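In structure tokens below, several structures.
Two complexes are shown next, each including subunit A; its partner changes from subunit B in the first to subunit C in the second.
== the complex of A and B ==
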């Protein structure tokens, strides 16, 4: 049985998928994951999830975000001068998020 | 044990001659057990039942090597260096129990797990008896070692529960227990009765070997019986001098320097590269722990 493993670097972070382990049950999966995925990287917590319990939808099945222009979903689409302070804050947030994504 | 209440030894300089001998004896028991067991564990690399068990076993071996290093480092305070302690030491100067030097039969995973279990329970009990050791360098290291031991015990018990879940597995576990139990008893044999008496009198270890063995036997029997495994009783003689040795002891105890033939070949294998390269020093690739 395959268990997908999710690692959290430090408290408050998201658990991020980092690989899997073969194990007969949850208890053994945790023991194996502890060594296989927690021994060389900073680890605060690990989750194990039976692979078969994970649901998936991908680009073959779905058009994520739709196919038509829905840029109104993003606050910066509203080019009104001067921008409302909420819009400005939202825009800053978005730019910052994009910058971080670019770095990562 | 009266001395344990007020006396405490901050370093090797505070020990008299008898205490020096006792502390060294205690450290050699601890360090040699860990070193030799780790060396045996590594034989399972790429041979364990699954990749995951393989990596876990290797990880446990690395932990035990780390513990051996912690204890050998304290021995350096008595003037030894690593070549004296490991690479150039004679086989019969090693003080480990003959439990840890026994070879594994090919593919006998039950043996590895039973051995790990018998050893880890003994280590756990022993470490707790060292928590209040009057010798500070030992006392200070106990927490670090115990921190890694929980995993070892959990690993061994979880495996045992699963191995003993069907008839074939239970039989393999029972065979391993029958075979290894007498060797496990040597964990609690003194290296020397007089030195052992000093270890207890000066509070270097909080309990004597007989007390440790009783606790170990109860704990091991309770658990193994709960998964359908029979554990031999302890047959103790009516007459004894200082230490009470059970009748079931194997021919070679290890603690007294008398080992089975397997040890010499294992040591040769361990030191083969060192010997072949004509080395007279130990290579260091990382800093000491403390």
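== the complex of A and C ==
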């Protein structure tokens, strides 16, 4: 049975996918995950999830974010100085996301 | 964990659903999250009519995207709230419909005219974002994670709101006057967004001690005034003489509390303020109208869970 593994660096962080292991049950999957993924990289917690339990939709099936110009969803579109640092931080994140979408 | 241990460990993103937390913590966090989630939903209902009333296609698209975001914020926050194990999402949504769920003072007032939209989309969203940015450091990890996503999106809301304000204040004399009128009406409510000054706030101490509240009402109001007051002036808005706001030498502000209508504020806090009652009712009708959708989903969930639905067995 294949188990997908998600690692969390530090408490409070997100668990992110880091690979998978072949194991007969959850307990063994956790052990293998620990050995394979928790030894060097900083690890606070690991999740294992049976591969067949994972649902997926990808770019073959979906047009993520639509196919028309949706620049109105992005802060950069509005030509005003960000009112506060948190607005500026958000604009940066949004612009970064917009840029990466463009590259994809 | 008892209360003292919780206070000792309290730090940003420290507690997750795995932790055995005292009931006081769970209840305080649920109260905050439920209030926050309800506010997202009630705010969205207030702005929804402006998808139709927007003066241009761009504004229409932006309002539609924004309202969709706000409903999504509500959903994220109900998830973070129900993971505390105190109340389910259904219970919170039903309480909101029955007028028992509490939400932000500003969303109890009607929003009628286009010139009023930046009062919410710029000032209230700006105030909310100020507060939300601090909640990225909440000790309840699911709350902090919801804030990451919400703050990511809010920059668009605030800048969009500001762009409407700028457009109106650079528009015709009539537009400028109407916008000033709307500002006069909304400004005291916006100042009340952060609640009464600290000594009057009953829930603060415990929430601060366990890392659920990161900044005090006064600190948040100051931070808001520091950035949004100059913005209002920049667009040519006149700050009303009352409520009186005194700027101190250290860059902080004192708002003269007696100049604000606290009777109205506490009537609103009890969900007894008339326009707000109508808005709660309005949302209840919308919720009732789509009950069949929820039922269909519940039935589907029961089937997927392996059992057969009662109807299917007939």
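Please note the rule applied: the second predicted complex is superposed on the first by the 80 of 104 C-alpha atoms of A that agree within 3 Å, B and C clash if a C-alpha of one lies under 4 Å from a C-alpha of the other, contacts with A are read in each partner's own complex, and residues count from 1 in each chain.
Here, contacts are C-beta pairs under 8 Å (C-beta built on N, C-alpha and C of every residue); 3 or more make two chains touch, one makes a residue touch a chain.
No experiment lies behind these values; they were computed from the predicted model shown.
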item: Partner chain(s) touched by A:90 [first = subunit B, second = subunit C, both, neither]; value: second
item: First (subunit B), second (subunit C), both or neither touched by A:49; value: neither
item: Greater residue coverage of subunit A in the superposed arrangement, subunit B or subunit C; value: C
item: Which of subunit B and subunit C A:24 touches, first, second, both or neither; value: first
item: First (subunit B), second (subunit C), both or neither touched by A:39; value: first
item: Partner subunit A, residues of subunit C touching it in the complex; value: 12-14, 16, 58, 61-62, 65, 122, 126, 129-130, 132-133, 141, 144-145, 151-156, 158-160, 162-163, 166, 223, 227-228, 231
item: Interfacial residue positions of subunit A with respect to subunit C in the complex; value: 11-14, 70, 72-75, 77-80, 82-91, 93-94, 97
item: Subunit B contact footprint on subunit A (complex, rising order); value: 21-24, 27-28, 31-32, 34-36, 39
item: Subunit B residues within the subunit A interface of the complex; value: 50-53, 55-56, 59, 151, 154-155, 158, 162
